[in-house]
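In the two complexes below, subunit A is the common chain; its partner is subunit B in one and subunit C in the other.
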Partner chain A sequence: MQTITSYIHHIQQQSNNTQAKQLFAEYEAFPIPTKRLEDWKFKDTQDWFTSLYTFTPPSKITQQQLDAAIESLQFDALLVFENGLYHNSFSRPNSIASAITNDFEADIPHCTNKFECASLIGAQSGAAIHVAAKHEKQHVLIVSFFQGNQSYSLQKNRIYVHADSHIIITELQISLSDEPIRINHSVSIKCMQKSSCEYTSVQHLGSKTELIQTISCLQEQESTCTISNFPISGAYVRTNVYVDKIAPHSHAFLHGFFFPAAQEHFETYVEAIHNAPECETHQLYQGIAKDTGIGVFSGKLHVAREAQKTNTTQNNKNILLSKTAKIHSKPQLEIYADDVSCTHGSTTGQIDNEALWYMQTRGISREAATKLLLKGFITDVISKVSNESVKNAIMKALENKL
Partner chain B sequence: MLTIKDLHVSIDGKEILKGVNLTVNPGEIHAIMGPNGSGKSTLSNVIAGRDVFEVTQGEISFLGKNILPLTPEDRACEGIFLAFQYPVEIPGVSMTNFMKAAIEAKHAYHGTTPPSAGEFLQMIKEKQQLVGMSQSLTGRAVNEGFSGGEKKKNDIFQMAMLDPKLAILDETDSGLDIDALKTVAEGVNTLKTNDKAFIVITHYQRLLDYIIPDFVHVLHDGKIVKSGDKSLALELEEKGYDWIK
Partner chain C sequence: MEHPSWAHINLPPIDYQSISYYAQPSDKAKYESLDEVEPEILETFNKLGIPLEEQKILAGVAVDAVIDSVSVHTQFRDKLEKMGILFCSFSEAARDYPDLVKKYLGSVVPYTDNYYAALNSAVFSDGSFVYIPKNVRCPMELSTYFRINAINTGQFERTLIIAEDNSYVSYLEGCTAPMRDENQLHAAVVELIALDNAEIKYSTVQNWYPGNKEGKGGIYNFVTKRGLCKGNGSKILWTQVETGSAVTWKYPSTILKGNNSVSEFYSVAVTNNFQQADTGTKMIHIGKNTKSTIISKGISLGKSSNAYRGLVRIAKTAENARNFSQCDSLLIGSQCAAHTFPYIDVHNNTAIVEHEATTSKIADDQIFYCNQRGLKTEDAIALIVNGFAKEVLNKLPLEFAMEAHKLIAISMEGSVG
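Let's look at the complex of A and B:
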């Protein structure tokens, strides 16, 4: 058992790779997040750095567990991981989708936060998806399992979508037990000219599992990037979404639905960087919170002086089902260009009593009316997921929480 | 069918209905008129079961049953329908799912078999035609982005779908153009049978040219201060409410 810092320190020392050393320097430069920092103020994550963890618990998953997880899903390739390590026998890789084998690749991006640095240095594997030019659109399914008492898993997925090619990727993150588990995950996507990538991330985690992940996308000219995240269950799930537009006419569609119940705490921090003109970012995040659930949405937009004719929208709508549930919503706009259209709106309220009353006068019970209303609310976001089988599975999982 | 006796209703300690008496028999059409704020919508909401209003005194029975303890949904299943003065928008819920839930609830309440998917769609088509509602509206979310008149028509469409025994139309005519008014009135007249009754709340005598009432009541300051036949509506149109007070 050791701390995350000593674990990755050891890895970068053993490696002769300058990238690893550079990432470790970046890691050290980021302060340990405390609640005093604006972006970390809703959750104390100190113990991620101070506690001792097991980094490579023995493998445990079975074919039945995998079958249950992917039962209704359709896909062209399947990559299975357990605690950040690739599962050869369970996976069905193909010419575009396999696992990372070499530890460090040439153009590892800079990290955007301390967790992402740790994941980029410490993860031994993850999905490696290279979509060659003009490849027909496929659906790659990544299933990442986690287990082990007081375990800490690191995984990094790397996705390169070459010019004029398209890909749909879904990742299911599943923890199989109610042991204390920490997951630090990173996804680095690079969308080249006129390419498109749709990445959907879904968490089914145990009651003591905490997950922090960063999904970042670098966008070249006329690329389209769609990133959606759906935490279904878990003690704590934080997704950082980071899109960086370096060339004109690149579009991003960012969506998420969070539904914290009981003691759950789900956060989404979005950051969209517009460094080139005529790009678009459209954010749609919705949440329902019940019991003592906590939800956080933070949407940051940065439009550089040269990013003229930027067009962005940000929508965050939340419904609180109990007096003890909380949702924090924080839009942040930093706009340095003058010819832009950037709109944002955020509402948090109770369920619409007038709508319930209207439905009741048509014979629908208050309970059924509530479900119908919330289902409709969820559908707004879920309808953005393009793979039907994934869409249905997420809808079913969220409906079960109602 | 509907008997209201000495009904007193308050909200936040303020008395709004101050002793309403009304009897509606099967086959009858009653019109309720009265100045703004006199309590017409309150009365219709209380009959439909809105719980923000407190019934402090009096009785409401429907088909011989005391309905005051019943939830709004149970009253609806018993056969009471309210067309809203201001129909509510329900984003994200499609008209089809909404109507399906309502029809299924009604059948579950009576222990009968709901229509099959095919029968249900056929029914939607028929009733749409009956009330002159465009097909594109039933493909959308309930009332979302509907025009004022479209919302009113939608309520009448829902009434046709649910086939209630007593329908209360709260200013359904306000906001309808003259053609729509005729279509809606025709719809009501087609649905009217000897075992059904209507309460029509309106400010305008015009509607009563198309839906001919057996009785006209004037509600003023929480009480029915005058009742008469169709000619009372004409008199009100001419003289206003001052002479009644």
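Let's look at the complex of A and C:
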């Protein structure tokens, strides 16, 4: 048992890699997030740094557990991880998808937060997806399992999509027990010219499992990147999405649906940075909160002076189903260029009583009508996922929650 | 307390030791006659259509005690006193009505509220005090404009307005004329209290010295303004036109405590050259069936930066609360910046909260259309901008609205070409 800082300090001392040393310096430079910091004010994450954890506990998963998790899903390659370590016997890698072998790569991007630094240094493994130029579209499924009392897992996925190629990636994060588990995960995506990447992240976590993940994407000219996140269950799930556009005509579609119930607390922080002209970003985040669930959405759009002719939309719609649920929404725009069209909208409310009444007059019970309306609300976001089997699985999981 | 750093503005550290915390309002005139006043200022006065006598007062020219505006002022005061309305400077209020001051001062903005509120509470020397008794509708727009002696109340001003049950008051602050004040830092505090079914309308037009074209000098305007809808069915309306100051940092807010209370916020902020503005509002819904509306229009020109920062909080107790916010930004020129930072916290499932914002520039075809009809590009832009801000300007009292239209046109001068 040790703290995360001592764990990664040990790793960076052992490796003679300058990259690790540099990352550790970056890690040290970030302050420990406290509730006093604007971006971390809704949840105290101090104990991620102060408590003692077991890192990479031994493997325990069985074939049945894996089969249950991937039951109806279709895929071209499968990568299985447990507590951040690659599971050779269960995985079905192919020419483009395998596990990270060499520890540090030459072009690790700059970290955006302390958690990302920690996972980049401390993670032993993760998915390495390298799509060669003009490769046809495939669906890669990553399944990550977590278990172990007071365990702390680190994982990093690295995705590199060459010019003119396309990829769809779905990641399932599943905790197998109700013990306190911490997961720190980072994903870095690089999209080259005219490539496209769709990344969907789904969490099925236990009632004491907390997860913080950072998905960052660097976009080259005319690339398209779609990032969706669907926290289905878990004590605390925070997804940070960073999209950085460095060349013109790159487009991003960012979606997410959060449905905190009981004591759950789901957060999504999005930052889209436009550094090149004629790019588009379209964000759609929706949420339903019930019981004492807390949902947080913070979206930031940064348009640099050079990024003229930028076109962006940002939509956040929320529904509160109980008096004790909370929604915090903060859609932000930061614009330094004048020839742009940027809009954002945020609404928080409840189910339309008139629509309910309309359905009741047509013989649908109030309960069924409510479900129908909420289902329609969820479908808005889910329909953005292109793989049918993934789409149906997420829909089913969210419907169960209703 | 530490100096807050969250605002989206850049400013050099302020030397709090070098500020003079009390300046006796000087009786001595700055100029002997209007001829000595800088022609640039007089030109602006003329463009705004300010009467000659008022021009003298505003520019600080020695004024004979019997001129019209002073007698008008006393005449008004008599009329107000007959109705029981108290409208005086803060020092008079503290002397004559200590009970009211003791009861309400600091009840909306406590001295612990923020850095500048603490500074103001510690050092403020004067300001305005308004008290409207029960069932009284104030027949005229109360304004600091009439109270000549209050013009130089200094940089730490305090305003307290109390509206008793079923009363109404409209209060105007500032004026359209450019104020060449020497003070670098203004940290004022404004407190409004509306009791049952009372209505307070608070309008601000601010045109303090924004610094020169290179961004040197100019006033820092750090104001804490907050209203409390204490009674049921009370209403507070904020209207502001911000064109001056080098740095503006103000968030007129309302705490909707009484059931069925209503608050509206209308703002136009124009920034030019090197001006920076971080402004917006806070609407805190506590009572049942409370409603708030936020309309904010930001116009950035030159190398300025204009940010909207607003909070809408629906507390657990605020059943059926309703909020609508709209924040539009207009960018003119490629060097300026516009930002929107709305915070929406909803803790009640019966509330409906909506927020929308757009950022864009003036479409070329609109300008072309105006050009085609013989308008110069500069006039066309002024026309379009006035149309953009119309929704807010219409909320101003009539004579103010006229001047505000001209003021926006003047603030934009020389930036388009």
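The definition used in the following text is that the second predicted complex is superposed on the first by the 402 of 402 C-alpha atoms of A that agree within 3 Å, B and C clash if a C-alpha of one lies under 4 Å from a C-alpha of the other, contacts with A are read in each partner's own complex, and residues count from 1 in each chain.
What we mean here is this: a contact is a pair of C-beta atoms (placed from the backbone, for glycine too) under 8 Å apart; a residue touches a chain by one contact, two chains touch by 3 or more.
No experiment lies behind these values; they were computed from the predicted model shown.
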Which of subunit B and subunit C A:380 touches, first, second, both or neither: first
Which of subunit B and subunit C A:336 touches, first, second, both or neither: second
First, second, both or neither for A:355, with subunit B first and subunit C second: first
Contacts of A:364 with subunit B and subunit C, given as first, second, both or neither: first
Which superposed partner A:54 touches (first subunit B, second subunit C, both, neither): neither
When both partners are placed on the shared chain, which of subunit B and subunit C touches more of subunit A: C
Contacting residues of subunit B [partner subunit A, same complex]: 48-50, 71-73, 76-77, 81-82, 84, 87-94, 97-98, 101-102, 105-106, 109, 141-142, 158, 162
In the complex, subunit A residues that touch subunit C: 38, 305, 308, 318, 320-350
Subunit C residues within the subunit A interface of the complex: 6, 8, 316, 329, 331-361
Subunit B-facing residues of subunit A, complex: 352, 354-355, 357-366, 368-369, 372-373, 375-380
